[in-house]
Amino acid sequence: MAKDFAQGELKIEHRRTSSEGTSDGGLPSPYHETGAPINRSPTAEAISRKPQNGGLLWPRIRHFMREPMSEFIGTFILIMFGDGVVAQVVLSKGAKGDYQSISWGWGIGVMLGVYSSGISGAHLNPAVTFANCVFRKFSWRKFPIYVLAQVLGAMCASGVVYANYKSAIDTFEGGAGLRTVPGFSENASAGIFCTYPAEFMTKTGQFFSEFIASTLLMFLIYALKDDGNIGAGNLTPLGLFFVIFGIGACWGWETGYAINLARDFGPRLMSYFLGYGHEVWSAGNYYFWVPMVAPFCGCTFGGFLYDVLLYTGESPINTPYLGLYRFVPGMWHAYDNKRFDEVDVKESSPV
Amino acid sequence: MAKDFAQGELKIEHRRTSSEGTSDGGLPSPYHETGAPINRSPTAEAISRKPQNGGLLWPRIRHFMREPMSEFIGTFILIMFGDGVVAQVVLSKGAKGDYQSISWGWGIGVMLGVYSSGISGAHLNPAVTFANCVFRKFSWRKFPIYVLAQVLGAMCASGVVYANYKSAIDTFEGGAGLRTVPGFSENASAGIFCTYPAEFMTKTGQFFSEFIASTLLMFLIYALKDDGNIGAGNLTPLGLFFVIFGIGACWGWETGYAINLARDFGPRLMSYFLGYGHEVWSAGNYYFWVPMVAPFCGCTFGGFLYDVLLYTGESPINTPYLGLYRFVPGMWHAYDNKRFDEVDVKESSPV
Amino acid sequence: MAKDFAQGELKIEHRRTSSEGTSDGGLPSPYHETGAPINRSPTAEAISRKPQNGGLLWPRIRHFMREPMSEFIGTFILIMFGDGVVAQVVLSKGAKGDYQSISWGWGIGVMLGVYSSGISGAHLNPAVTFANCVFRKFSWRKFPIYVLAQVLGAMCASGVVYANYKSAIDTFEGGAGLRTVPGFSENASAGIFCTYPAEFMTKTGQFFSEFIASTLLMFLIYALKDDGNIGAGNLTPLGLFFVIFGIGACWGWETGYAINLARDFGPRLMSYFLGYGHEVWSAGNYYFWVPMVAPFCGCTFGGFLYDVLLYTGESPINTPYLGLYRFVPGMWHAYDNKRFDEVDVKESSPV
Amino acid sequence: MAKDFAQGELKIEHRRTSSEGTSDGGLPSPYHETGAPINRSPTAEAISRKPQNGGLLWPRIRHFMREPMSEFIGTFILIMFGDGVVAQVVLSKGAKGDYQSISWGWGIGVMLGVYSSGISGAHLNPAVTFANCVFRKFSWRKFPIYVLAQVLGAMCASGVVYANYKSAIDTFEGGAGLRTVPGFSENASAGIFCTYPAEFMTKTGQFFSEFIASTLLMFLIYALKDDGNIGAGNLTPLGLFFVIFGIGACWGWETGYAINLARDFGPRLMSYFLGYGHEVWSAGNYYFWVPMVAPFCGCTFGGFLYDVLLYTGESPINTPYLGLYRFVPGMWHAYDNKRFDEVDVKESSPV
């Protein structure tokens, strides 16, 4: 059932060898009970489960950590391309790219980040993980670990971008020690790392802009992944390229389309550590919390809209009282265990 | 037969459960008789048909409304990206995009709108619905409902674009209350919502330009969807991205390639409601009716050309007198029921 | 065998009904003996072959003409987008597109032209047809008809482009009657229709540039279509988009990458008829013959290179003396009928 | 086993005819023992193995040389588009393309180079070949031959680019004999052929930039090709387009993203032969060795990271002591022959 339900993730065919249950038994893995996908090539995992093969410590550790590691890597790739393209466009003053390059960079970052992190479902975004927890039965227990991995991945990648473009930043800012934030300087380079809103925006407008873009993001992710609709199938990473490109081209001006806590907070923290000063938090009238909060609201709303309006698969929305009955004592058992499982078994068996 | 014939739509595999006929019996659904596609995941629909499950009102309503709702959503997504990109490019005065961004935005809008609205065939355009009625046996009864849903979707999306870019429009126009239309002001922002023709165009030229672009659109939609030709298969939404991008790059200057009543009239009405004044109708020598009428002419001509020149599937064009015999009393029965159905059954049975 | 050999064309699955042989018998069709592909949907063709269905004249005519018609349409679509994008970019003086838009337009033109003309193999270029005759056993008898259809398709499309942009050309040239050619005027618009070389080019350089681009074109078409290599499969039209985009971005400056007699000569003739004067021929030191001749040399060389270096399928290159033995009396029989057919039958039977 | 292991290459289905072993027996082919892929169409190869068919010398030679020839061709195509687009953008002074065109050109070059060279695995880059030797059991014996073929392919292509753009170079440099290198002249055209770093870069920064870009390249190639992850399947060449485009847009400014010894050294040598002088070596403080060395370090590190962090297929990383046991006398036999082969056989048999 968990397998059918997990349409919020890019699924990878799951093949458990028969010996798995016993070999993993002793590990207190938080990823154990949910049937998280394992790769097809059994070698490394198989080796790690052999008792006589005690020398291979790393595959054991890696197996235990494979989902957060995958999220870390996917977000790392995303920010390598995303912050990288902004750095190149800003620091070269448009000689090596323009606004459209930025759309390309973020779109490619998401596409290749997804290709790199299929093992964990390629969320790359705490708000996407949150929406999957709410609407696609993704385990709430994994939520904090995913978020941590995503934020760390984004932080590390922004550090690599900084290291790579350090000379160029010095040249751009006008001095080796200068590090300034948009709104406080003409040659501010902090916009490379995280988003700063356009000056004419009110706080409400900032929130609304991020909210709308996040809603679109989640709605379209669910649309691309819904086999009951057209569904993008193996074209999903390419489809996500277009989604991100489109959001950047159409909704990206006012607030820079962070639409992702990890993408914005991780590099912002890193830029703070790197000496950009307190202004990274105070800029845009303390804008920094907007791309942390709005994506959760927007993605949840986007997922809600998709499930209410179009989705016919298993979702809390497609249960009595939009799934809220779960919070009423006694009703969980009444609805959840009896009726819908029966319906499921009966209806889907002849297919 | 209806299934074989419906090549004008993006088909989704149709699976009716055995209990469907009885459960839907009491509903006066206009979508009942044509075998409209249902999603594969049966849960929600199945639940909605269970008499003992009377609590789930919404899936019942949704099932009844699912096709217009799908068109509404698809057109909404289309305009969110389409009007959004124009707003960003115009209001940022080219700093956050150029003419090519607009091609991207509309192409992505159509692509993602199609991915979102597969349930209803992803027309997103009254003229496409019209052509499908004429050439692909799409039910005429659905035509007005589809058109209404498309126009409403476009209106709502343009309202969201307005809400998001309100501050920027104020800044661009030069004042909070100012809302002006191209041709009447230097800083007119009405072009965000709907199309206004280039100044040198005559009325004939305007009509011709929209007509040609619509003809190309419909011809190429039928080409992409014709399995008897190469056919784009699961690449169809991507192919449509290129079609729209190409029409924008090659035929988009003179009139702004509306090629869609819903895309142009819906947002135009919304911009009228939002205070852009009577000029939204009178601009370009009362241009507004051209993108309402020309797409119907163009799409019908484009579908006609494709069927006359290339299509070998079931089409009125591939019947005696180009299908016009249907309008001659007595001939419908003679041709339609006898000969062609026989031919169909005989020829396609051994395949 | 013809089927296996025809890798130069986009193949469409061929399904002949059993009655075909007898029904077509009386038609002197030049497309009969080569097993040209028919669409899958049998209705129209089937109807046209029924003797009792004498009323359907058009499908009979269309069936007879379907290959040249398909080439006509494909080339028409190609030029609609190709000349259309040049018109928009040139006439709007860069406001509605730049050089990259032109790469997009021609790439999309080829891609959608191919999607529209799968029935005839989607050559869209006399030089491609020629190379297919030489290397892929495409019937020489069809060569002149294909070329004629391609040139006519390009002419008609350029006429439509002219009609659509007539007002804009008047504005651009500076007067309703003015029609000038690059090199003879500052505001020349003849470059919309056909190619004119950069001024610094020598005749040798012009020829070499067209030759190289044509060689790349044919080599890459054969690479994309070679299942013995990676092969693009259903991504072939998309791959051709990238081929054309790349040739335009990398080899398009000096001569405008005509690489196609039909694309250049057809619209050039049309522009002559439309009043651009004798300069359409004399410009660039009578450049006009270069894009007529060089593509044939280049495409033949490109096909030759691919077959000599990489291709392992059936090709004259993979026969004794590179297939030239055919021109030596008596050797045809010795090699062609005996050895290779035997080899073919024996080797490929167990597969 | 070799087949399962060779995930670093684009695999082509391998079909050996039964007579192959005997017919190839006498040839001292270095490609014999590794089961290198042969094309599906057997004709030419089959003919070449027939003793009675002694006349067909070329297919015999070609069969023997087919892998280096394929690498030669792939790298040739890559540089034709890559150096071609730089030539067009630089020499036309931006009139016929901008920085984004360069991203397009290199992306298309890699994509089409890969489509052309599937027979040899489409490495196109000595560092990729090196990483495949280290991590994917690619034969070390082939390494020098692959590198030679790649460098020669790049040299030849850059010569063709030079020949094509000779007049334009003369015009750009300001005289027929002038050939200058960036940093030594305002109108330097040597940047067409190979990369020269931005002026503000230190040697460490140059190396780091190339190292990072190469790491990304190899990591993402392995990600795209890993069926245990999502895997790009037949979209791999398209995915590589996005990888190269992204590296160019995000990491391409500082050093020009050579990330390939063949791409940089081959054309640099050619430009030296063509008269650009000793400066091609001394420019950027003898930068020329950086794009020769850094890609090997970067690609090896990228492959290492992928295998350590994500890859579960057969890799030295997934063996005891990260595969380094192979260099300890006696341990090879202990681990390699016994344990892992057993594991392999047992685990993978029921699949």
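As written, the chain order gives the labels A, B, C and D, with residue 1 at the start of each chain.
Operating definition for what follows: a contact is a pair of C-beta atoms (placed from the backbone, for glycine too) under 8 Å apart; a residue touches a chain by one contact, two chains touch by 3 or more.
Note that the structure is predicted; figures quoted are calculated from it, not measured.
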Numbering shared by both copies at the chain D-chain C contact, with half separating same from different: different
Chain whose mean Cα position lies farthest from chain C: A
Cα superposition of chain A on its sequence copy chain B - rotation in ° rounded to nearest 5: 90
Approximate Å spacing (C-alpha centroids) for the pair chain C, chain D: 32
Distance from chain C to chain A - Cα centre to Cα centre, in angstrom: 45
Per-residue overlap in chain D, given as positions that touch at least 2 other chains: 98, 100, 235, 238
Chain contact topology (line, ring, star, complete or other): ring
Interfacial residue positions of chain A with respect to chain B in the complex: 98-100, 103, 198, 200-202, 205, 208-209, 212, 216, 219-220, 223-224, 226-233, 235, 238-239, 242-243, 245-246, 249-254, 308-315, 318-322, 339-340, 343-344, 347-348, 351
Parts of chain B lying in touch with chain A, wherever the complex brings them together: 10, 12, 15, 17, 38-47, 50, 53, 55-56, 58-59, 62, 69-70, 73, 77, 80-82, 84-85, 87-88, 91-92, 95-98, 100-101, 104-105, 108-109, 111-112, 114-119, 122, 160, 163-168, 171, 234-235, 237-238, 241
